[in-house]
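One chain, chain A, links the two complexes that follow: it is found with chain B in the first and with chain C in the second.
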Partner chain A sequence: MTALLRTIGLRKAFGGLQVTAGVDLDLRDGEIHALIGPNGAGKTTLINQLAGEIAPDGGRIEFLGRDITRRPAHARARLGLARSFQRTSLLPAMTVMDNALAAALANHGRPWGVFRAARRDAVLRAAAQAALELTGLADAAARPVAQLAHGQRKQLDLALALIGQPKVLLLDEPTAGLSPAEGREMVALLENLKGRWPMLLVEHDMDAVFALADTLSVLVAGRIVATGAPQDVRADARAQAAYFGDEINA
Partner chain B sequence: MRNWRAGLEIALLAALAAMPVIATVTAQPFWLDVATRLAILALAAAGLNIILGLGGLVSFGHAAFYAIGAYAVAIPAHHALYGGADWLASSNGLFHVALAVAAGALFALVTGALALRTKGLHFIMITLAFGQMVYFLLNALEDYGGDDGLPVDQRSELPLMSLDDPLHLFGLSFALLAVVLAFTWRLKNAPFGLALTASARNARRMRAAGLNVFTVRLAAYVLAGAITALAGALAAEHAAFVSPAMAEWTRAGELMFMVILGGAGRVLGPLTGAAAFVVLEELLSSWTVYWHLPFGLLLIAVALMQARRAA
Partner chain C sequence: MDATLIASQLVNGLQLGLLLFLVAAGLTLTLGVLDYVNLAHGAFYMLGAFFSASLLELTGDWPLSVLLALPLLGLTGLITERLVARPLYGKSHLAQVLASFGLLLVIGALAMLIWGAEGRAIALPHALRGQARLFGVVLPVYRLVIIAAALAVAALLYVLLHHSRFGVRVRAAAANPRVAQALGIDTHRLHAMLFALGAMLAGLAGALIAPITEASLAMGAQVIIIAFVIIVIGGIGSLRGAFVAALLAGLIDTFGRAFLDTLLARVLPLEAAETAAPALSAMSIYILMALVLIARPRGLFPPPARGGAA
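For the complex of A and B:
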């Protein structure tokens, strides 16, 4: 199977701190590839480089066989590389449906209409509605974002990423900050989406990782120190020392 | 609260529309003059409302577009009357309006393409700088009166109407204002308006969703510039005079005041804002020559009240 998303020797430094130190990563079609690592390992920085918010210092990013290293964030999204945010990134003071419509008009490349209301645009509505149904938010469509529980905000953040029917999902800690019950709900939701969308999943919750991931990579100090099937990586000594060690000793 | 405000807006719009009748019945042509000025200022503020109110971008150089529109009328009219620059000389009002809108849009396209690469305080400063650039350029135009300004000795010629007739000029100003406000109303809920307001609230998310935020904002900036330039063209007809003062940063501040007082992003906000501005100016200046002082204090009070409500 070929890689949909691939990084080759990706490097990024903030001042003297090498946050991404030559990362080679492959995301294959149909799989969930989880990325774990201690705090400060550079997971979110890596996601931000993949999404186009931060420019890498060196190396390449390929998506669907194209070099996208220098493409701006919106162009990557239009190619089908969608993301969610660790701290949810929504449109406050708008309803859930308007959030979804705004994401839909962006992703469908239809932001130029000046006369007909967006709510009456059948294409936008259908896309928005489908994503809300998929994430279990259809009943909350008319509610303002401010009234949503944290778990629902996370669901909406995911819904906004799904709206453009992307080719790949970059998920930055979808269960972060959720209660155990909400976390289980999110994992069930992602399991349901598995197979339809290949995902690169940054996650701290090990139960979620082992429930979802086909491939597991461990990022430590900007380097991938282990990659492979989750069970194999779990057995890997270096990864245990770098990551699981802390948890086992704790 | 919301209904109270909407009611006031509708009442103001109706009062403005009825002003020719009111002025005739009360035999106070002065009121028609004030109403025309109000409609023109509201139109200028309606332009700014698109970029500041909907787009959330504090453009502090918007008076430049007002002046550009005004000079786009005054300069061809000047040449039509006194000769010179045959390629530009014209007394045709349609040409004047087309020139004003095109010049405003072009200036917005060029300056917006640069200014919109910055954000926050930098955007305010760079738009202010472009505004001052226009102000000093107009001051330097000795052929067109320099800092003395340029009288419009002959108003533009339009089919079916005479702009020398105050009633016709008011009718034209009010009609254009109504069209622009109706357009804003449609725009606000249309995909373009949603893209603009959503980008104001969370540009990062909109980029992640695939929106080219820069192009959307540039289009809004061009639209805003063209509308305010149109208002400037009407202002030149109304005052029969243009001057660099139209581009001054204090004028830009006044336009911002109108938009913010009327409620940034509200469709009829520029109308209430401009009405408050004109009424206060008339009242306070008849009361004291130092009318800017109470006016400034009032501005501070409004800003504090709105900040508290937003908090």
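For the complex of A and C:
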């Protein structure tokens, strides 16, 4: 299978600290590729470079066979590279549906027109509704975002990323800060999306990683120290030392 | 105090307030959405007056001169956004104040080279110079024209920001720029467009006031302080707040100048009243700001806080 998203020798330093130290990473069609690593390993910095928020110092990022290393974030989003954030709310004072409509509009080519009309625009509404259903938020459509539980906010975050029918999802800790029950619900949602959207997943929760990932890469101090099928990586000694540590030995 | 005098002062106050709104609207948008303190905003007001003065000399058609000034102002806004404002987004307000104050001086100096130190008087077409009788009161036609034009622009602005797709993008980018970008919104372009819009609004106010006051180099520096007071009273980032506060400021200022001496004379000796009244009316909008800030530290209509993204 070909890689949809690929980094080649990606490097980034903040001051003297090499946060991304020559990362080669492939995300293949249809797969969930999980990225794990200790705090400070550079996972979020890597995601931010992929999404276009931080410019790398060196190396290349290819998406759908194109070099996107120098493209700004909004242009990557328009190409179909969608991301989620650890904590977000687009328009906290508005309802779930209005947020979804705003996201649908953001992806829409025509910049002019009336927002009232957007509420009636069948195409936009269908896209918004579909994304809310996929993420289990259809029943909460009329509620203000500010009133949502934390888990629902993360579901909304996922919904906003899905609305533009992206080619690839970058997910930054989708279960972070969730209760165990909310976390299981999020994992079930992502399992349901698996196959339809290739995902690069940064995640701390090992149960979630082993439930979801087809490929697992371990990032330590800005380098990928192990990559492969989750079971193989689990057995990899370097990865164990770097990350699993006590959890595996216990 | 007769009814005619009150009515004509009411018209003057509304006219002043609405022009101040046009200036304050751009300022509150750039500060509220871009978090950029633009002292050079007053320069757009001044340039609006001079652009329309020169265009009037070229075309001989006053309404055309005002309309043609708008794209020039938008272009000036785009250039200053790209060269001065954009590198300073996200930087400290002090850096923005220094840069935009410097820009104000540079534009002032350029304007002096181009138009000279003297002001430019603008002659209105004959039809706009007269008086009109409205509800039994005789009022200057041109002030009514300003009120109508400014109200129309305010309504357009409301529709643009609250009921258009552009407005949805602006609000999304204001609430959460990172998420907006991740959704495919080109926030750089949006910011440039907002900046240009603000420049056009301020310049329109300058072009509209110039036939009354004449175009002068000092007008930009004069208006910018009042515009800041207005957006602080209204709540930074709130268009509705800027509208209400600008009308309040326009009315209080006008009525203070017109009637405060007569009112004070009822409780003070005439001489004391005549001394105190101009001083008090000059302070009136600052007093209003102090009172509003005591009661509502974030202004009359503070916009909702920004959403976070990590």
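In the analysis below, the second predicted complex is superposed on the first by the 240 of 250 C-alpha atoms of A that agree within 3 Å, B and C clash if a C-alpha of one lies under 4 Å from a C-alpha of the other, contacts with A are read in each partner's own complex, and residues count from 1 in each chain.
Everything that follows uses one rule, which is that a residue touches a chain if its C-beta (ideal position, glycine included) is under 8 Å from a C-beta of that chain, and two chains touch if they have at least 3 such contacts.
Everything quoted here is computed from the prediction, not taken from an experiment.
In the three-chain model built by superposing on chain A, chain B clashes with chain C. Judged by the touch definition given at the top, the superposed model places A:Ala51 against both chain B and chain C. Touch criterion met: A:Asp121 reaches chain B, while chain C stays clear of it.
By the document's definition of touching, of the two partners only chain C reaches A:Gln86; chain B does not.
Once the two complexes are laid over each other on the shared chain, residue contacts for A:Gln152 go to neither chain B nor chain C. Of the two partner chains placed by superposition, chain B and chain C are both touched by A:Leu105. Once the two complexes are overlaid on chain A, the chain A residues touched by chain B in the first and by chain C in the second are 51, 53, 72-75, 77-78, 82-83, 85, 89-93, 101-103, 105-107, 110-116, 118, 160-161, 163-164. Chain A meets chain B in the complex at residues 51, 53, 72-75, 77-78, 82-83, 85, 89-94, 98, 101-103, 105-107, 109-119, 121, 124, 160-161, 163-164.
Residue ranges of chain A in contact with chain C, taken from their complex: 51-53, 72-75, 77-78, 82-83, 85-93, 101-103, 105-108, 110-116, 118, 160-161, 163-164. Partner chain A is touched in their complex by these residues of chain B: 183, 186-187, 189-195, 198, 201-202, 204-213, 216, 219. Considering their complex, residues 159, 162-169, 171-172, 175-176, 178-188, 304-305, 307-310 of chain C touch chain A.
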